[in-house]
Amino acid sequence: MIRLDGISKIFPGVKSLDNVTFESVAGEVHALLGENGAGKSTLIKTVSGAYIPDEGTIHFDGKKRKWNSPKEAKDAGIHIIYQELVLFHELSVAENIFIGKAPLTRFGTIDYKTMYERADEILDRLGHHINVQALVKSLSVADQQMVEIAKALVGETKLLVLDEPTAVISGREAELLFERIKLLRDEGVCIIYISHRLEEIFSIADRVTVLKDGQLVGTRSIEELDRDQLVGMMVGRELKDIFPPKRIPSLEAAPVLTVRNLCALPKVRDVSFDLHAGEILGIAGLVGAGRSEVAHAVFGSIPRSSGTVSLGSEDFNTPSPRASIDRGLGFLTEDRKEEGLMMLLDTSANISAPVLPEFTTATGLDRAHEIQVARDEIDRFRIAVPGPESGVSKLSGGNQQKVLFGRWTRACRRVLILDEPTRGIDVGAKVEIYEIIRQLADDGLGILLISSELPEIVGLCTRVLVMREGFVTGEVEGSRIVEETIMRYATAERESAALDVA
Amino acid sequence: ADGYDGLPRTFLWNPNFNEVIDTSSYAGDGPFTIGFSNASQGDGWLGTFYHSVQYGVSENLDKIGRFIVTDANGDPTKQISDIQDLLEQGIDLLLVNPATADALDPILGRTMRRGVPVVTVARRVESDSSFVSFVTASDTALARMSATWMAETLNGKGRVVLLPGLAGASPAEMRLQAAKEVFAQFPGIEIIDTQYTGWSPANGRQIMAAIIQREGAGNIDGVWADSGLQGSGSVEAFIGAGVTGADIPPHTGGDLNGMYQLAHENGFPFAGIDYTPSIGAAAVHLSVDVLEGTPVPQRLDVNFQVVISPGHETRSISADVLLPDYVAMDRPGELIMGSGIPDYDPTSFSVELPN
Amino acid sequence: MSEAAVNPSEGISKIFRQPGRFIVPLSLVLLVGTATLLQPSFLSINNIQDILTQAAPLALVVLGQAFVILVRGLDLSVASLMASAAVLATAFNATSDAMIPVIFLVTIVVSAGVGLINGLLVTKRNVSPFLATLAMMIVLQGIRFYYTQGAPSGSLPEGFRVLGAGRLAGIPVNMLVFFFFFCILGWLLHKSSFGRKIYITGGNPKSANLVGIHADRVTIICYVICSVMAGIAGLFLVGFVGTVDNWVGRGYELDAIVACVLGGIMLTGGKGTLWGAATGALILILIFNIVIILGLPVQAQLIIKGIIIIFVAGLFSRSTQT
Amino acid sequence: MAYSKSRYLVRRLQLDPSLIIVILLLAIVVISGFVLSDRFGTTRNFMNVLEQSSGLGFASIGQAMVVIVGGIDLSIGAVVTASTIFMAAIVDLHPGLMIPMIFGTLLFGAMIGFCNGYITIKTGVHPLIVTLGTASILNGSVLIYTLQPTGGVPYWFEEFAYGRIWNVPISGLVMLLCFALVWLFLRYFQAGRAFYAVGGNPEAARLSGIQSNRIILLAYSASGFFAALAGVYFVSRTGVGDPRIGDPITLASITPVIIGGLILGGGKGNVLGVLLGVILISLLSNLLNYMNISTFIQWVIQGVIIIIAVSVYVHKGKKL
């Protein structure tokens, strides 16, 4: 169906793809794996015509092709679900699904009625109900991802590429998506699937191709591989223990963070918990459960409706990020690009941002000191960046995330909130980040860890809060921290959960 | 100051006859409602002109019952709308200072056809049928006189810079054309540059500074400016280039007290002719005449006077007033001269107006 | 440390690798070169002094405008504010130079107020900067004209002439003042932690809030800086011109924005330097000066100005794209 | 789910909630007009306002289309000016060409707009700079041709600006028709929807296979087209081509666009909102004329009303 021969793509300073050869046939799910920055997204962008490769040829459907724009690839039957959402916020769900392919009336105008009905139908097939007339900007990220997926089901698709489609959707929706993918495969569609979640690969992929540093490592049938071998191919070394050993913190001392009856309507309702120094407290739940909003409300970046938050013995009820940072709180947000990094600035400026006052002297910003500090953090977290004064926009996701860790460990003295700290990050980098988290807790920080990846919660936390629809539906500790229990609370009705806890 | 008060100069020169218009068909009983559509109040001259109009109205309080004013802010299309709005308010006569000479022709024609008499002031429109009377101080005469003075002061020989006002504005174009016509009679006069200034002192200065730079101050024998607004900028440019006092080449340009002050202080040859804002009051008086059915001339030229620095009168241009008698040294430089209002002070000016 | 040890050939090759950074100085050199060829006296001390004197008021406005653009804004009210400051200055009817500091102080306070309102509208009411400052432009114009009744009058102390057009040891006084502000604002933008906050806010306002920077406050301060610079520029321009009129500085708002863009400040915020902005202003003034020196009529000036602006901006954006 | 037509009639117009403020302000203006003057609230006067608003209306439609695709057009005034000269000068020489020249002028405007779009796409320079540059070039060229109003058109052509059908101004009808057509286009045609896609998320539009460059070219061409239409209207209204007539219209055309709920930066908004903005501004100016207060105070009032119209309702997410 599709064959790439000797593809190379060079960006200024980076050779993203180096003589990569790749082939996929109709009726298979072909997983594309590799670390962050391995070149997966770049490869599929050459398939879609978004990038024009510097070298190499593309054969599709038996013919040699040279796309000049994404439109040509699209017309040929290639549909791509990109890693970044490709949506139009001011258009409705249905219009997004049918962008460029809307059903027309006999006057050549858009037939909205038919379009809404067919959009409903497609979302039905995905088992996901959204008001198809709603504007996309009013949807949650998970819903937006489903819209993105729904677009693939319009018209005739011969090759479907999905670049990390499950990064922000929940388990149940992922299940339905996999069913859909399998159906399409059986209809003879060729599917290329990219994900950092290895479980998913094993459940749906037929073959696997691994890239590393822009080069092909190899293509294997999934039956030939087990998990360790696959990780070995990706990372190039053995990864024995993914999670560092847990350590039960002492709960004797007073908690560093106390949250009581916190509400930030409509997404956070009556949340209470304690966090101790050295503890890693998890918050689990399905996407949209309101976990991020809890973090924002604690940190003071969204207004609270009611409730109290105290750090140690100190209440602070005029919340703002500045006040939180000054009191030793840090918050690593879930959206690296939009809410985290300053892409136009260099690494050192990204690290020093929350603690600028620390570098302020009578004659201005102490650049030398700032750079020194950044260099320390770069060394400490082994960030692969040329130096403190080089930019962050072209770093891989893992390294970008480490820059943010550098920022917050520098700024934060008591409590660090981590929201999806490993989203879109490859296994190798994940393991490093787990170790960093462990180390930070050992150094005496209280850590609040929000994650949609249950293994992560299970592997790192000594106590877990489970949320659903803004409420805490359960709290699990010690040996009860297993995926089944958490999922039960995450999907439970509030009343029944309360019963269960009682 | 006692200035020129003879027959209008253009009356003597103009080859066309000035018709007298019978206005009996417009005659009515007062008090009248007059609509005044002003082009703009955007610079000092226009501000003073508007005060003159108000002054004229205050002198006719017994006859004018309502006086409605609109201001087009220099935009002819807004002015057309303004005039429509004035007509809707049932005015008896439209007094208009057109923002551009031609663009108002259709709407003024329509106004006349509706039976509402139109008096234009400062600028006229193309068709004679679009207005009853036109009140002005002649741009042509003004420019001819100042250009003649310049040519004669230079004894018909020299390199002259022309600084007209705003490109495309009819007074500027008419003055420029008249001046060129005059200079063309003197083969020894070389026009080395013509730069529009937008009647802005800042532009005047900036442009002149560059010209001085290019030509060298000593190689410029005279500067003809159609108004002191940019003329003062030009003088400033010479001073900035180190040329002061009587070394500054002859300049022309009136209106702005600051220009007169500069000429008086430095003593260079200077001829100032104001485009007198008092045409505003004159136009109001004429409008009342129209509404009372008194015959009016189709074109009313308001006299201006020629102001010349002492000892610099020329063969054909003599002073109506000498500079030291005219300049107001104790008044602000921004003051516009020739308002015809006694003890005029723009900041404190205020007269009684109808309702 | 490592920066200091760059070898000289590195500097040359840099030009080819990163042409973007050199476009501005390069076009400056080209313009000066062309002008000197056409008119050898162009490089005379006198002309340079003259150009600098003319450039200073615009350059002052550009410095302020740069701050606003860096935080994703735009200020169309600067020219109107310049004229208002000029009118305000004459309102004192002062004749003694001793009043100059008072006039400056009052102008700065009033301008800061205007900037504050602009900033509040943009941040707290989320009004598009374009429209907020456009409306401010109209409002200021209305107030100014109402006060002057169309014809400004009143006098300025003689000292203003010295400030606006005088020279100190051969250097235009207003240029010295510009240099003073350039240093202060340059320090503020490039060396102080507030400057860093500006870049963070302009680059990513969301992250700015999350690292404890009050993005709104930073933005408002930038508008205040812009307005204060415009007010001061108005005083210098009126000193330069010598007479007040209600339109002093007309057209400076768009010129200032163009200068910033020519100087490499991104209209989308967060990127650009004050040095670049000042160079942009100089380029623009040079363009004005050259077309006059060439003795071109006004029409040709407009055409050439348009072509050069598009061309330089085009070169610049070309070189910054990948 | 079934989607009946009537159920979604309101949604169909897709007016932004923030426009409630504009409608409220309109109501306030009209009511104060009735109170302050007995001549304001007449059909005659409203028809007059409709006629007067056409020029601004035409210019704003084009500006709106460019703003929706994420651009801005500061050359509108220059195109208006150039069109008036182009048309009046040629028709003056060949009066027989009157009718073809209307279309010729519109084409001329569209071509200039096309150039704007082309330069923007090819150089990647911000449209604000590009259109300022082309405006400067265009103004210069016009002034080379003439410094004073010039040319002329047959008298009957005044009917476009001043004529009435069933007492309704022709120019006003044409303006309303243009708004309706553009609204239909943006709402019911794929290319129209693509305007929002390109303005809202240009990279996504490219990846979705939308030919963004064509859409951008179309938007700028439309802007030039409507600016030329404004020019044609002005020729009809003034009878001449005027080298300065367009100057005030450039910035003026942006105000109703933003009042109408569009965002500079693109991707959002409805031209019917722009129509409301045009009407609000024209009515306000009309009312202020009726109140016979100083122009200077009028400016202050206008500025304040503009601010109120866009600041009472806080828009989420701002762009330039």
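For reference, chains read A, B, C and D in written order, and residue numbers begin at 1 within each chain.
The criterion applied here is as follows: a residue touches a chain if its C-beta (ideal position, glycine included) is under 8 Å from a C-beta of that chain, and two chains touch if they have at least 3 such contacts.
Note that the structure is a prediction, hence the values are computed from the model and not measured.
Participant: Farthest chain from chain C, going by mean C-alpha coordinates, please.
Facilitator: When every chain centre is compared against chain C, the largest gap points to A.
Participant: I'd like to verify one number: the distance from the centre of chain A to the centre of chain D, where each centre is the average of its C-alpha atoms, in whole angstrom.
Facilitator: Whole-Å distance between the two chain centres: 44.
Participant: Please compute the C-alpha centroid of chain A, do the same for chain B, then give the distance between them in whole Å.
Facilitator: From the centre of chain A to the centre of chain B is 73 Å.
Participant: With centres defined as the mean C-alpha position, give me the chain B-chain C separation in Å.
Facilitator: 35
Participant: Nearest whole angstrom, what separates the Cα centre of chain C from the Cα centre of chain D?
Facilitator: Once rounded, the distance between the two centres reads 31 Å.
Participant: What parts of chain B, by residue number, touch at least two of the other chains?
Facilitator: If we look for residues of chain B contacting two or more partner chains, we find 41, 167.
Participant: Could you list which residues of chain C touch at least two other chains?
Facilitator: 145, 149-150, 297-299
Participant: I need the residues of chain D touching at least two other chains; which ones are they?
Facilitator: Answer for chain D, listing residues that touch two or more other chains: 143, 295-296, 298.
Participant: Determine which chains touch and list them pairwise.
Facilitator: Chain-chain contacts present: A-C, A-D, B-C, B-D, C-D.
Participant: Chain B touches which residues of chain C in the complex?
Facilitator: Interface residues on the chain C side: 39, 41-42, 44, 46-47, 50, 53-54, 90, 145, 148-155, 165, 237, 240-248, 250, 288-289, 292-293, 295, 297-299.
Participant: Chain D touches which residues of chain C in the complex?
Facilitator: 72, 74, 76, 121-122, 125-132, 134-139, 141-146, 149-150, 254, 257-258, 261, 267-268, 297-307, 309-310, 313-314, 316-318, 321
Participant: Under the definition above, what is the set of chain B residues touching chain D in their complex?
Facilitator: Against chain D, chain B makes touches at 41, 68-71, 73-78, 80-82, 84-86, 88-90, 100-107, 110, 167-170, 173.
Participant: Can you check the complex and tell me which residues of chain A touch chain C?
Facilitator: 11-12, 299, 301, 320-322, 324-326, 331, 333, 338-345, 349, 352-354, 356-357, 359-360, 363-365, 387, 389, 407, 411
Participant: Taking the complex as given, what residues does chain B use to touch chain C?
Facilitator: So the residues of chain B in touch with chain C come to 41-44, 46-48, 50-51, 167, 193-196, 200-202, 205-207, 209-211, 213-214, 229, 232-233, 236, 240-241, 256, 258, 331-336, 345-347, 349.
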